[in-house]
Amino acid sequence: MRAEREGDEAVDVDGDGAELRSEIGRLLTFSDAVFAIIITLLVLDLRAPEAPPGRMSRALLDQWPAYLAYVTSYLVVAVSWLSHKGTFRRVVRADPGLHGWNLTVLFGTALLPFVTSIVSRALQHGDRADERVTTGLYGLVGVLLSIGWLGLYHHLSRSRALLHPRVPPRVFAVERGRGLVGLVGFGAAGLAGVLVDPVVALAIFLVLPVFYALSSNGLFDLQRRLRRQPARR
Amino acid sequence: MRAEREGDEAVDVDGDGAELRSEIGRLLTFSDAVFAIIITLLVLDLRAPEAPPGRMSRALLDQWPAYLAYVTSYLVVAVSWLSHKGTFRRVVRADPGLHGWNLTVLFGTALLPFVTSIVSRALQHGDRADERVTTGLYGLVGVLLSIGWLGLYHHLSRSRALLHPRVPPRVFAVERGRGLVGLVGFGAAGLAGVLVDPVVALAIFLVLPVFYALSSNGLFDLQRRLRRQPARR
Amino acid sequence: MRAEREGDEAVDVDGDGAELRSEIGRLLTFSDAVFAIIITLLVLDLRAPEAPPGRMSRALLDQWPAYLAYVTSYLVVAVSWLSHKGTFRRVVRADPGLHGWNLTVLFGTALLPFVTSIVSRALQHGDRADERVTTGLYGLVGVLLSIGWLGLYHHLSRSRALLHPRVPPRVFAVERGRGLVGLVGFGAAGLAGVLVDPVVALAIFLVLPVFYALSSNGLFDLQRRLRRQPARR
Amino acid sequence: MRAEREGDEAVDVDGDGAELRSEIGRLLTFSDAVFAIIITLLVLDLRAPEAPPGRMSRALLDQWPAYLAYVTSYLVVAVSWLSHKGTFRRVVRADPGLHGWNLTVLFGTALLPFVTSIVSRALQHGDRADERVTTGLYGLVGVLLSIGWLGLYHHLSRSRALLHPRVPPRVFAVERGRGLVGLVGFGAAGLAGVLVDPVVALAIFLVLPVFYALSSNGLFDLQRRLRRQPARR
C-alpha cells in the first residue's frame, strides 16, 4: 500500500486538462448508459399478455396500471437524466466523493423499475393492503434517490476545485432546495400511500417529475438565454 | 428559486464552444445507447421454445411471426437511428424543446418492442379479433412516433440558434413532410388493420421503413456527395 | 422531396473534418453499445435453476451446455468486436453502404444469443433431431454474419474516399479472405451438424473464433509494431 | 494472410496521436457500456413477487436475500468500474494482451449477476447444501475475476509502451498486490462457504468490495491531490 501510494505520488497523470476531461468523460458515458438502460428496461414490464384467442383486447386493457407505471417512470428517469446533464455541465473534475454520490443517485434510479413493477402489480392483482405497501416502498426509493441528489449537490457546493472556474459553488447550495423538495415530497407521498390512500401517493408521484422538469437548471437557463439572444448569426 | 436563477445568471458556462458541444454530446450518447438497447431488446422475444424432445424444429417453425416481427422492427429501429443521426448532424446546440421532442421520439421508439411482441403473439396464438386490435395498436404507436419526429423537425425549423451556421432552417421545414408521411402511413395502416385486414397493415408496416431508408437525409446526401467527389486524395 | 434535396444541396455541413469524425463517432458509439449489450445479454440465459431444496448442485451441473454455450458465444462476440475495432480504425467517413453493411453485421451478431440458447436447450432437453436442427440454425446465422463481414470488407475495398488517406483499399480486398473462411466454416459446420454429427458442428463453432482472434488485424499488427518499437520514450 | 500482413505493413494508421487515443477510446466506451449493463441487469432479479391479494408485503419481505444480493453486487460492480477507470487513466495505448485481459475482467464481472442470483435463490428456497454450493461458486467467479485483474496489472507492469509517459510501470507491479488480495479473499470465502458456513462466505463477500474501494487508486490519489491543492483559482 505504502509503495503504491509513493508510486502514485511521482505520477501526475492529470497535469494537463485533456486527461482530466476524459476522466469526467467516463463518469458521463457510464451514467448515460445506466440512464439509457433503466429507461428502456421499464418497457420490459410491458409484455404481451398470455390471453386465450379472442381475449387479447380485454387482456391489454386490464394491463392499464402497467402503462400508467411505464409513463410515470419514463418521466421520472427522463427528468433525472436532464438534471444530471444540467448538473455535470458545470463540473470539470471528479473526486471520490462525487463518484460516491453519483453512484448513489444511479443506485436509487436503478431501483425505479422494480418499485414501479410492484406498484403496477398491486394495482392489477392486489388488494388495498398491497397497494399501501407498494406505494410506500415507491416513496422510500424516492427518498433514497433524493438523498443521493442532496448529497451530490451538497458535495459540489463545497468543492470549488471540481467546478468550472466561472461556476460559483453557491449555485449548488441553492440546488439543494430541489433535493429537499424531493425528500419531503416522496416521503409524504409514501406516508400518504400507507396511511391515507394509495391514489394520493400516485398523484404526488406524477406531480414530482413535473416540478423537477419545470425547475431544472438544465432545462431553463438555456431556454432563457435563447430567448434573450434569439439569433446568433 | 429566485436566488438559483440569479446564481445561474452570473454563470455563462456555455461561453465557449467546447462545453456546448459536450452538451449535445450527451444527448447523442444517451440516444445512441437507447437505440442500441431497443434494437437488441427485440431479440429477447426470440426465445428457445419449450418443446418436448424431438419437436424442436416444428416449435421453431411455429415461431415464424416472431422472426418476421423481429426483422420488421430491426429495420424500423435501424432506420430511426439513421434518421436521428442525419438530423443531429446539423444540430450544434440543445434547448429544452429539443430535449423534449427527442425524449418523445425515444419514448415512441422504446414502445416498438412491446407492440411488436403483441402483434407477434396475436399471429401465433390469437384469432382474427386479436390481430385487428394488435395491428391497430402498432399503428397507434407508429403515429405517436411520427408525432415525435414531426415536433422535432418543426422545432428545429424554427430554431436557427440550435443549427450549424451553414444549415438553413428551411431544411427541417421540408423534413416535416417525411414526418407527415409516417403519421398518415401508420394511421392508415392501423385503421386498415382494425377495419379491413391485418395483412394490409403488416404490409404497410414493412413498406414504411423502406420509404424512410430511401428518403433519409442521413443516407442520401452523403451518397450524392461521394458520387460527385469520388476520390478526395 | 425535390425541395429537400435542394435544401441539402446548399448545406455542406461536412466541410471540415470535425463533423465528419463525429459522424463515424456515432456509428462507433452505437456499435460499441450493441456489442456490449449482446455480450452481456448472453449471461441472461444463465439463470438460477428452480431446483427443490438440496438439489441445487445437481441442477447447476445439468446446465453444463448453457455454460459451454455462454463461453463460446462470449468468445465469438468478443472477437467480432475486436475485428470491428480493427476495421474501423482505418475508416474516417461513413456512407449509406457502410451503414447498411454495418447494420447487417450487427443484425447477425444480435441473433447469436438466440441461436446459442436453442442449441443449449437442445443439448439439455432435446433429442438428436433437435441437436441437428439447432446446430444447423447456428451455422446459418454464422453464414449470415459472414456475409455481413464480406459485404463490409468488399464495400471498403472499393471506397477509397471512406478510408484514412494512408490506408490502401487493397487491405480490405485481402480481408475478404477472412470473411470467406467464416462463410465456408459456418456453412460446413451447419451442414455437418445436420448431416453428420452435432458434436462436429460444435467443435467447428469453437475453432472459428480462435481462428479469427489469431488472424485479426486489430490484434496482430499492433502487437507486431510494439515488438519492433518496444519502448517509445 | 501473408499479403494481408504486407498490406498492413505499408499502413501506419496510428502515426499521430489522435487515432491511438480513439482506439483506447473504443475500449473504454465498450467497457463502460458493459459495466453499465451489468450493474443494471442485477436489478432484473428484483421482480414483483406473484403473491395472492393481500400477501404482497409478506412476499416482499421473503425476498430479503435478493435485496442483500443486489446491494452486494452493486457495490462489487461499482468498485470494479472505479478500479477500471483508475487503471485506464494511466493507459494511452492498447495491445492484444491488454484487450485479452480486459475482456477476461469483463467476462468475470458479467458472471456476477448469475452467481448472485443462485446464492440469492439458495438463501430463499434452498437448504444448507445449496447455500454451500452456491457461495462456493460465487467465490470461484471472484477468483476468476481476480485472475483477470492480476493479469491486467501484470501485463501493464511490463508494457511501458502502453502507459502515459509519466507513469512508471512500477505502479502496476504494486497494484498486483490488490489483485492477489482478491484471489486469496474470494478463494478463502468460497472454501469457507463450502467447508465451514455460508454466512462466513457472505461476510467476506461484503468486506472485499469495501477493501477495494478504500485501496483504489482511482479513488484516493485524486482525493489526496485535492486535499493539498484545495482551491485552484
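For reference, chains read A, B, C and D in written order, and residue numbers begin at 1 within each chain.
Keep this in mind: a residue touches a chain if its C-beta (ideal position, glycine included) is under 8 Å from a C-beta of that chain, and two chains touch if they have at least 3 such contacts.
Predicted model only: the values in this text are computed from it and were never measured.
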Would you mind reporting the rotation angle for the C-alpha fit of chain A onto chain B, rounded to the nearest 5 degrees? 90
Interface composition of copies chain B and chain C: same or different, split at half: different
Rounded to the nearest Å, the gap between Cα centres of chain B and chain C is 24
Averaging C-alpha coordinates per chain, one finds the centres of chain A and chain C separated by a number of Å equal to 34
Where chain B touches two or more other chains simultaneously, the residues are 29, 33, 37, 44
Name, in rising order, each residue of chain A that touches chain D in their complex. 1, 3-5, 7-15, 19, 22-23, 26-27, 29-30, 33-34, 37-38, 41, 44, 94-97, 99, 103, 106-107, 110-111, 113-114, 117-118, 120-122, 125-127, 129-130, 133-134, 137, 159-162, 165
Along chain B, where are the residues that touch chain C in the complex? 28-29, 32-33, 35-37, 39-40, 43-44, 46-49, 51, 53-57, 60, 74, 78, 81-82, 85, 89-90, 164, 166-168, 170-171, 174-175, 177, 215, 217, 219-223, 225-226, 229-233
